[in-house]
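Below, each structure is written out as structure tokens.
Below are two complexes that have subunit A in common, paired first with subunit B and then with subunit C.
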Partner chain A sequence: MAYDVVVRNGLVVDGTGAPSFRADVGVKDGRIAEIGAIAPGAGAREVDAAGRVVAPGFIDPHTHFDVQLLWDGAARPALEHGVTCVVPGNCSLSLAPLKAADRQRVVGMFQQIEEMPPEAFTTAFDWSWEDFAGYRRAIEKALSINVAPLVGHSVIRLWVMGAAAQERAATADEIAAMQDLLRQCLEAGAVGLSTSFVDIDENGRPVPSRFAQFEELDALSATLGEFGRMLQCVPEFYDTDITIARIDQLSELSLKHGIPTTFSPVFDSRATPNNVPRIMARVEEQFARGARVWPQMQTRPIDVSFSLLRPSLFFARLPRWVRVLRQPVEARLASLNDPETKAKMVADLGADGGERMMGKLVVRGGDAAPADLIGKTLGEIAAARGQAPALALIDLSLENGLDVAFLAASTGHEDTDRVTPTPANPLVHIGASDGGAHISSFSTYGDTGYLFSEFVRKGGHLSLEQAVAKITGETADIWGLKDRGRLKAGLAADIVVFDPDTIDREAELPAFDMPGDGMRYVRGARGIDTVLVNGQVAYAGGAYTEARSGVVCV
Partner chain B sequence: MALTTQRRFTTPGPDETVEELASRALPGEPLEAAVDRIKSWNLHIFAGRKPAGLLLGSDVVFVEPPLG
Partner chain C sequence: MSTDEAVIVGAELAAGHDGTTELVVRLRHPGGAENAVVLDEDVGLALMARCGASHVDELAGHSWRRIMEAGDGV
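Presenting the complex of A and B:
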């Protein structure tokens, strides 16, 4: 056979933003061999794409699949959404390089920052590595999806400085050692370095990267410059002035060392209507100077679900609630049943008893949620009970074994009319999905489908070709993934076949598929027919295949 | 291309205290007043952090109030 696979009769959207055209796509030895009219029967496997779009596989540049990839090489459900390449290791955290003695410390950070259950780190795999090359070998055993991993600044610091990484500035010798270590990681396949200016560990202490002087980041950026690789950071996204200061710092590093930089997230909010316009104005000024400082914006609105069964970022600004909910179940129940503690928790909400923060919460389910309350707001329930909303939340949870799930819907980034013009800006990098993180608070999957349903079909602010380019060719260019992101002869055959009229994300549902029967929220995909990774069909007809053709693809 | 004026900031030196930073950033000010100003312009450090006032090497410390 001339080709291993021929994707036939589809509308080719090639990832460049150019107008679509009808053609067949021939794949041979993992690469795109031809795009054009291909003779019937030329493929060992033929994929009928009539009425469908044939596009490059989508690239998700902000994920935390670091641990999931060790037991699930498809990063489910990312692959079924058409995502063929993920970037884990964001926000200063990766699972390598990491000495055995420091594992528990980093696991605590992952649990705190990314809300991952401890069982994910203790029951599903054997820690067989310390260095970055070892982690790469561990995930490469069964990858169905491509991975372009970042290495975390916090773990690099921890490797070199030990406990002092969370106590002080580094010495010149320590900075030099960090540069050597970063260099080893980049040579072993890291796509860049991630850092964080906001995160804390499970004890409330700032993560190691936050103890770094700018000189340390400058030195590490010089090492990135040797490879032309990415610097990613999480800025203080809740404060526009600080975010602009970070844009200026990143721009200085970009210009000095010739590296791309990116920061995430950027949120639109009615409460801070000037945030995105001010950020974008500064980004445009810095790009005009030659800096590369890419703002990452997610497509989906911010929805947060929670129950009192486990800690949630919903309570991030209520330290007492965080302390109570972090306790083991028995102690947590004792605290919630203690009248004095309960009164203090309610008082923390202020004079309105939580009406403003909690009144619009909706009971969404949970195994023990009373059926007649599902769909009602906590404000309605509290009024019927004659209680303050915060007290009603606690008591309703206690009455039902804590297994009542609440939904805070559209708490930000929800006004499509405000958000829509921004993703179309050529300087906005579509990303920030957080895939694989915050798994018990919201689904981080399906942002790509939502891009097409909300911003192409409904809003009409992006053309089909523009939307595809945003999450394929443009993303590959930003990250230096030269072999990905476009349908072009000679490039890796990462291909997604989808229905442009139906591609979307499904409803958010709880799933119990994490190690130790841990719960996470997921969204299935709609309108995705077939996904090829490096020339092999990895997903088709609503099912994953046995293909393990993913690679570390830097 | 010239950059528009944004709020000026500095970053703490190694082991630098808020008093030392305030003296450096606002050299013409009496120390106590300078410290008070630095604190009032940087609530993300001096009100929102535990322990309050822990200065980190990566901190953005504003040396003037928000621009009008």
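Presenting the complex of A and C:
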């Protein structure tokens, strides 16, 4: 056969932003061999893409799949969403280089960010490595997805300084040792360095990278400059002025050392409407100077969740609710069970009984919520019970030990008309999915599907070609992934075949697929037909295959 | 209301990156300039408790120092 795989009759969107065209794509030895009219029967395997888009595999530049990749080489469900390359190791944390004696300390940091169960670190894999090359070998054993791993500043600091990494600035000798260690990691396949000015460990202490002075980051950036690799940063995103100061700092490092830099998260909020415009104004100024300082913006809106197990700001405009819920649990239960108090709480919501404020809340799974109610709105449940929504919320919580979580969907970064100018900006990098993090709080998967369903199909804010380029070719360029991100003869055959009319993310659901039956929230994919990774079909017809063709790619 | 230090002049609720509700507190400084400080849910709730507030609007008029105290107490 001339080709291992031929993807036939599809609408090719090649990742450059150029207009789409109809063609066949021939794959041979893991690479794209031809794009054009290919003779019938030329492929050992033929994929019918009629009516479908054929695009480069999507690249997710901000994930925390470091641990999961050790037992799940597909980073599920990332691959089924059409993602063929993930970047783990963000926010200053990676699983290498790491001395055995420091593992528990870093596990605590990972648990804080990823919310993985302890079993994920003790039973799911054989922790045999210390250096970065060893971690690379460990994940390469069974990869179905490509991985471009960052090395974390916090673990580099910890290796060199031990416990002092979370106590003080580094000496000149320690900084030099960190540079040597970073160089080893880059030679072993790290795509760059990640740092954070925000994250904390499980005890609420700043992670090691936050103790670094500018001289340290400058020296490490010089080492990145030897390789032209990425510096990823989490700035103090809760404060616009400090974020802008960090943009200036990253820009200086970019210009001085010739490196790309990226920071996240950036998201729109009605409460701070000037945040994104001010950040973008400074980014544009710095790009005009020649700096590469890419803001990463997520596509998905922000959902918030709460239960009555603990106080929540969700009720911060309802004084009686605040007073009741801030009590210790026993007193809280007594108040909620008191008919008079309960009646007053419901009355506080007004004549609609809370329909406007609470009717669209969704009951989440993963806790004590009755299975038959998961995914239903409080309005639906209240109607079935013949209650006001506020009363249903209280009673449903009481009936289940208060351990019922409610989701308020799309409460931030949700106004597509306001959000769109930013991801459409050529200087904005679409990313920040946080895939594999916050797993027991919310789902971090399916942002690519949401990009197409919301920004392309529903709003028409981006063309199909623009959207594909944003998460393929442009992302590959930003990260220096020269072999990825485009459909072009000679490049790696990372390909996704999808239905442009239906591609989307599914509803968020709890899944108990973490080691030790740990729970996480996931979203399945809609409209993804076939995913090829380095020329092999890794996902097709709604199922993962046995292909293990993923590589560490830099 | 003291005029020689920053005071809280308002607060709003916002959806936070971590999937919880956050408190965006607006401060007015002695020179008249205003800025916003975003507090996570724990610090936001602690600020309300420290200010004796059971509604976000009741935070107005309190010293910026209550924010520091709330952060230290979490």
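Methods note: the second predicted complex is superposed on the first by the 454 of 554 C-alpha atoms of A that agree within 3 Å, B and C clash if a C-alpha of one lies under 4 Å from a C-alpha of the other, contacts with A are read in each partner's own complex, and residues count from 1 in each chain.
Rule of thumb we're sticking to: a contact is a pair of C-beta atoms (placed from the backbone, for glycine too) under 8 Å apart; a residue touches a chain by one contact, two chains touch by 3 or more.
Since we're looking at a predicted model, the values are computed, not measured.
Student: Does subunit C touch more residues of subunit A than subunit B does, or is it the other way round?
Tutor: Looking at subunit A, the partner in contact with more of its residues is C.
Student: Which partner does A:Asp348 contact after superposing on A: first (subunit B), second (subunit C), both, neither?
Tutor: A:Asp348 contacts neither subunit B nor subunit C.
Student: Taking the superposition on A as described, I'd like to know which of subunit B and subunit C A:Val322 touches: first, second, both or neither.
Tutor: Only subunit C; A:Val322 stays clear of subunit B.
Student: Tell me which partner A:Ile244 touches in the superposition: subunit B (first), subunit C (second), both or neither.
Tutor: In the superposed model, A:Ile244 contacts subunit B only, not subunit C.
Student: Tell me which partner A:Asp48 touches in the superposition: subunit B (first), subunit C (second), both or neither.
Tutor: neither
Student: Of the partners subunit B and subunit C, which touch A:Glu130 in the superposed model: first, second, both, neither?
Tutor: Touch status of A:Glu130: no partner.
Student: Touch test for A:Glu216: subunit B only (first), subunit C only (second), both, or neither?
Tutor: So A:Glu216 only meets subunit B here.
Student: Once the shared chain is lined up, is A:Gly412 touching subunit B (first), subunit C (second), both, or neither of them?
Tutor: Once the two structures are laid over each other on A, A:Gly412 reaches subunit C alone.
Student: Kindly list the residues of subunit A that each of subunit B and subunit C touches, one partner per complex.
Tutor: 239, 241, 319
Student: Note which residues of subunit C are touching subunit A in the complex, please.
Tutor: Of all residues in subunit C, those touching subunit A are 12-24, 35-41, 44-45, 48-49, 54-57.
Student: Touching subunit B in the complex: which residues of subunit A?
Tutor: Subunit A residues touching subunit B: 168-169, 197, 204, 206, 209-214, 216-217, 236, 239, 241-242, 244-246, 248, 281-282, 285-286, 288-289, 319.
Student: Would you pull the subunit A residues touching subunit C in the complex into a rising list?
Tutor: Residues 237-241, 265, 267, 269-272, 302-306, 311-314, 316-320, 322-323, 326, 408, 411-414, 438, 441-442.
Student: Flag every residue of subunit B that touches subunit A in the complex, lowest number first.
Tutor: 1, 3-4, 6-7, 9, 11, 13-15, 44, 50, 54, 56-60, 62, 66
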